[in-house]
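Note that chain A is present in both complexes that follow, paired respectively with chain B and with chain C.
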Partner chain A sequence: MPSPCDFERPQAAGTFRGLWETSMYFLKLILRNALRHKLRTGLTMLGIFVAIVAFGLLRTVVESWFAGAENASSTRLITRNAISLVFPLPITYAERIRRVDGVGRVSHANWFGGVYVSERNFFPQFAVEAGTYFPLYPEYRIAPENMKAFLLDRKGCVVGRKLALQHGFKVGDVVPLRGTIFPGTWEFVVRAIYDGADAKTDTSQFFFHWDYLNETLKKTIPRRANTVGVYIVGIDQPSRAASVSSAIDQMFRNSLAETLTETEKAFQLGFVAMTEAIVAAIQVVSFLVIFIIMAVMANTMAMTARERLSEYATMKALGFGPVRLMALIFGESLAIAFAGAAAGIAATFPVADWFAAKMGTLFPVFGVSRDTVIMQLAAALLVGTVAALFPGLRAARLRIVDGLRNIG
Partner chain B sequence: MVIPFSYTAKNLMARKLTTALTAGGMALVVFVFATVLMLQEGLKKTLVDTGSPDNVVVTRRSSGTEVQSGIDRAQAAVVESQPEIAYGPDGRVQASKEMVVLITLQKRDSDKPSNVIIRGLAAQGRELRPQVRILEGRMFRPGSSEIIAGRSIAERFRGAGVGEQLRFGMRDWVVVGTFDANKSGFDSEIWGDVDQLMQAFRRPVFSSLILKLSDSAQFANLKLRLESDPRLTVEAKRESVFYAEQSEVLANFIGYLGLTLSVIFSIGATIGAMITMYASVASRTAEIGTLRALGFRSSGILAVFLLEALLLGLIGGSIGLILASFMQFLTISTMNWQSFAELAFSFTLNPAIVAESLGFALLMGLVGGFLPAVRASRLSIVDALRAA
Partner chain C sequence: MTSTPIVQIRHLFKSYRRGGQVVPVLHDLSFDIAEGEYLALMGPSGSGKSTLLNLIAGIDKPDSGELRIGGEEISRLSESELADWRATNIGFVFQFYNLMPVLSAFENVELPLLLTGLSRRDRRERVQLALEMVSLVDRMAHYPSELSGGQQQRVAIARAIITDPLLIVADEPTGDLDRVSAAEILGLLERLNRELGKTIVMVTHDQRASERANVIKHLDKGELVESGTDAVAV
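Let's look at the complex of A and B:
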């Protein structure tokens, strides 16, 4: 018995050329079908476009939330007061931590929490021990001559490239900060601008000399002088992080300021965990948008299939098998989904750039990752497949007589 | 002649799958829209109810939050002696010198650490907050290492339930009670005796003073005098304003995120409605021609299709709202960026949100249905009848 589909295969059946022509013919049919209702296809594609852009943007927001933890080095530990970050540690701990076996460099930093002009311009500010801090963070690239200028000026500060661009800071500018934790108005001179080693480095921070903070506190609030917020502990081997951490904490047990030492990553994840309800909500919503567009797309395909029932019956009568009919429907659905998604993925990049510019330093690192693009493609595949499922099955199961009787 | 409503309703019933998918898409959008509004309302309720307009919070100038503030004993004594402050029935001034710090506690279910506010109160502290009542156990005894925990802290944090112990400041603290603060921000705090806590944390200064005004209108006088007194470096705010400002960033964030999402999602759902209505018009061309031939006016046809789209929106909106109303059983807890402390709040539904959500759903239906309805009403009778 000859194959029912032989009519669409020209003489060279079975050869590569024949296969090519058959599939080209098939693709043409799918394209023609998709373009039959230009308005409907256009609207559906627009919907998918919007959904894919929204999905990509939301995924990027979630990713940038974790960026601080992702970039954390495995050779840095953070030692802080065990009660909470609000409580400081005495500066005398530095020497004792340095003596712990496996510890390389030790530096310290204080969260400053100043306000630049208005609360709206939030950016992180740290008072750091410059001589030891920057060697621990090689990802902050500073020109040697600028670094020297910074080290020589007690009121100097180092700002990140992103922060400098946002507020127009240039080397030599004076930046006033109104202290919230440390009262008064503080003035700093920009001595250097640091760049990130790669695109993932946070360049929205502001550093100045811990000595400047401390000497001022000695005069104004002596009881708060000689304290630090956190110690940054550089270790020789990442594998010794656990033993070094417990050795440090053991040393200060039952003292007035007990410590809690953890890897930089764990420290950063602690912050993320506190806001995880919001991250979770954004994640849920990013999947909801895919569900919504799935409903829209499924609706389009259901209507298309309903209108063409008599056509499917005719094709079946001509010898098209159920698999081929299903392939036709799936192909159409996937073609629409991927066309919309391709435009959406292309638009995600400029939209993300615009969003990052609007948000300023709220999201220090904000870029569309490869994973996000892959997830967008996967979402398009899912939407296209699910939408074609019911109409495809319906067409495959259709009895020719019923279909021909159908008047749409 | 008016086309009966049952015609519209039956049209939606005729295509069940399409109607369900379109209404389902709209329901999801309305669900997100309503949930965001409910979250904002819940946050507002939590923080606005925390403060009373008769109470005044005094903190160090430009410190922003109580945790960052510090007021030494000499300044506190000056603040406490202002004439606008009310006196209690026992003849004592209605002012509470308080200490507020953050401690890190582990959650019961996930072990994840979170910052929790611990507040030391003076004896008058509780009288200044009449919404707080003890749920279980009793109030802490002044002068002892006893603490009481807010409802949402006791439920979610390890060691914060009645009879359990927390260790901080080189002491073990016994939780002797839990309290309910009527869903206000105090539900996310732990309370203890201010002198004991200051001793344990080695803090020689208070964080803030809470004062009750004898006459609410006296606030401006008090504020002016406190802030211009050369001995003081403080600022005074009404408690209600103070707490509203504490959540400004979080409320703005939720607001902007919700607005952006609602706009994006509604584009999707409106497109869905438009596709459905266009298809509805196309498949009923002959029917429309017949109706026109029978004498129904084109304005009637326009009304029928608009009504169908609105009905679709209403169905979607109602389903979305029903789904969203279940969210009221959930409590969200997150870190408030301004105070760096854990804050629990719940989704709150009110009539205004119901009205806004349904209005939003109807709007989506209207926008989606308008162009198809215009097309339907403009079909010429002859062409439409020929299409059959």
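Let's look at the complex of A and C:
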């Protein structure tokens, strides 16, 4: 009778090749174990998929909320009325601000707040001093001939690419806006469409001539004429932001319209702060989603390990140590978590695009960032690891004789 | 059969705690198992025969006493040392086969070899030979669920001998089988003992199974009550 006894007795040894082959064998075992209950694994993966998509989407919403502040320039300051943004500032302040040491270019803008066709079509509209405004925003890319056409047309307007695509605006189109802050129906002719310098640039805005607004107001509501919503102050060096801001505000202290000057980032964050509770709620929900799927996954893995106690005991009896058993359980848990997460991450991009399209210009910059993908992967790693922790420890501590009694 | 003891048991005690009470299972056991011996451990339920088998196999530890196998005092080994020792020295045959359901017959037999430094080619060679011995080469790609109980137990025997262990321990190896399959398995164990000189310790309730062994020991209430040597094989 030939037998394995005819061979030299194998000795436990760890060559690199042997280690590699053993790892491959274990990988096979992990994958087969993961697919043993296809429905259970499939449903768990579906849960992780949904959780990862939801997590990614919510994180993207949070990021978009901060996008304006994140993309703010460090060489732009915003000067507004110290009481509130709704109170205007006199146009006469422009010259005095321009004379402050460290100030380069000064421009101004008014929030228009018009309605295009219906309230659902919200997009930001600003009346701007075109000659000084656009040089302060080099990230808005406009073809020179279109810019020239805009400057020559008192009723002309510039629209962002995203906005143009959303409403089908083309150069030469007439865009009517119903004023809510400034009464009446206002008609503008699209003279230019601007693109962003990069994907993070907001291209959902609408700009027209402040002069057009001001001249109309002189005729209709003279007391509101010659005022601006904010001044945009270009400074030479970002390091001088604090001193320049202070100098501007000092200049208008005790005047009828005191000013508050801050960096563009701080100005944008002020808007975010108004909705801080919503952002916090979204953040909490995004982490809750992960916590819930972690509990579901932990339950799946605990159930799986409980069913396999006799197999773990058998492997231990054959000489497999606790570390190898834990590797099997962690491997299976991580394989399921990462498979679900990979599909989830891949789906986050089209879902985010769909969401952005549905939200219109509510989120001017809405894209899944690299940080979000990294957080999704980290979430999958956390879910897979935590879910395997209890069953892994249970298998590692399992007494062989107890496990062998557990024939399932 | 030689008379060199491969297992030396001296004043072995083992008890369990159940609900705060100490339940003695094995009481001052002392005996030897010779190399090449085929020992059947018999006794009523609760007599301690499976506990004794677990101690000999190194999957449980005695309360006190000496348990020397192949010259090694295994009761003093740590858990990880015991795991390594089992991988090299013990082949297991369980009542319910205990095969990995997601692995084929070939892969199940190969499993213990993963703890060795053997190359894939060497492993394949050994596994094929082991499966030939149990006449299952044609079923090597089959999964346990595609095999009968007898075939599964043959795979388990192939797995038990694949590392050429010092000792094969079999816990009720025919307990879950019909008469024909049981006879096949017993015949196989007998051949392993007779032709390859394998030392086998088998726990059984089955009189027919015990008759295949050349030594029978009866346990009752944790003590050896009777010994039969060189039982007549059926």
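Convention: the second predicted complex is superposed on the first by the 393 of 408 C-alpha atoms of A that agree within 3 Å, B and C clash if a C-alpha of one lies under 4 Å from a C-alpha of the other, contacts with A are read in each partner's own complex, and residues count from 1 in each chain.
Definition applied: a residue touches a chain if its C-beta (ideal position, glycine included) is under 8 Å from a C-beta of that chain, and two chains touch if they have at least 3 such contacts.
Given the structure is predicted, the values throughout are model-derived calculations rather than measurements.
Undergrad: Look at A:288 in the shared chain and tell me whether it touches chain B only, chain C only, both, or neither; answer first, second, both or neither.
TA: First partner only.
Undergrad: Under the stated touch criterion, which partner chain does A:299 make contact with: chain B (first), chain C (second), both, or neither?
TA: After superposition on chain A, A:299 lies in contact with chain B alone.
Undergrad: Per the contact definition in the header, classify A:383: touching chain B only (first), chain C only (second), both, or neither.
TA: Once the two structures are laid over each other on A, A:383 reaches no partner at all.
Undergrad: Figure out whether A:87 sits in contact with chain B (first) or chain C (second), or with both, or with neither.
TA: In the superposition, A:87 touches chain B alone.
Undergrad: On the A-aligned overlay, A:310 touches which partner chain: chain B = first, chain C = second, or both, or neither?
TA: A:310 sits against chain C, while chain B stays out of touch.
Undergrad: A:40 in the overlay: touching chain B, chain C, both, or neither? Say first, second, both or neither.
TA: In the superposition, A:40 contacts chain B only.
Undergrad: If you count the residues of chain A that each partner touches, which comes out higher, chain B or chain C?
TA: B
Undergrad: According to the stated criteria, A:97 is in contact with first (chain B), second (chain C), both, or neither; which is it?
TA: neither
Undergrad: Kindly classify A:401 by the partners it touches after superposition: chain B alone (first), chain C alone (second), both, or neither?
TA: second
Undergrad: Same chain A residues contacting chain B and chain C, which ones?
TA: none
Undergrad: Can you check the complex and tell me which residues of chain B touch chain A?
TA: 15, 17-18, 21-22, 24-25, 28-29, 31-32, 60-65, 67-68, 101-104, 112-115, 168-170, 201-202, 204, 233, 253, 257, 261, 264-265, 267-269, 271-272, 274-276, 278-279, 283, 332-335, 337, 340, 342
Undergrad: Spell out the part of chain A that touches chain B in their complex, as residue ranges.
TA: 39-40, 43-44, 46-47, 50-51, 53-54, 82-87, 113, 115, 119, 178-181, 183, 223, 254, 256, 260, 270-271, 273-278, 281-282, 285, 288-289, 291-293, 295-296, 298-300, 302-303, 306-307, 390, 408
Undergrad: Enumerate the contact residues on chain C facing chain A in the complex.
TA: Of all residues in chain C, those touching chain A are 54, 57, 59-60, 80, 83-84, 86-88, 90, 92, 94, 96, 98, 100-103, 107, 110-120, 122, 125-126, 129-130, 132-133, 159, 161-164, 191-192, 195-196, 198.
Undergrad: Would you tell me which residues of chain A are touching chain C in their complex?
TA: 1-7, 9-15, 17-18, 21-22, 25-26, 29, 32-33, 36, 310-311, 314-321, 399-401, 404, 407
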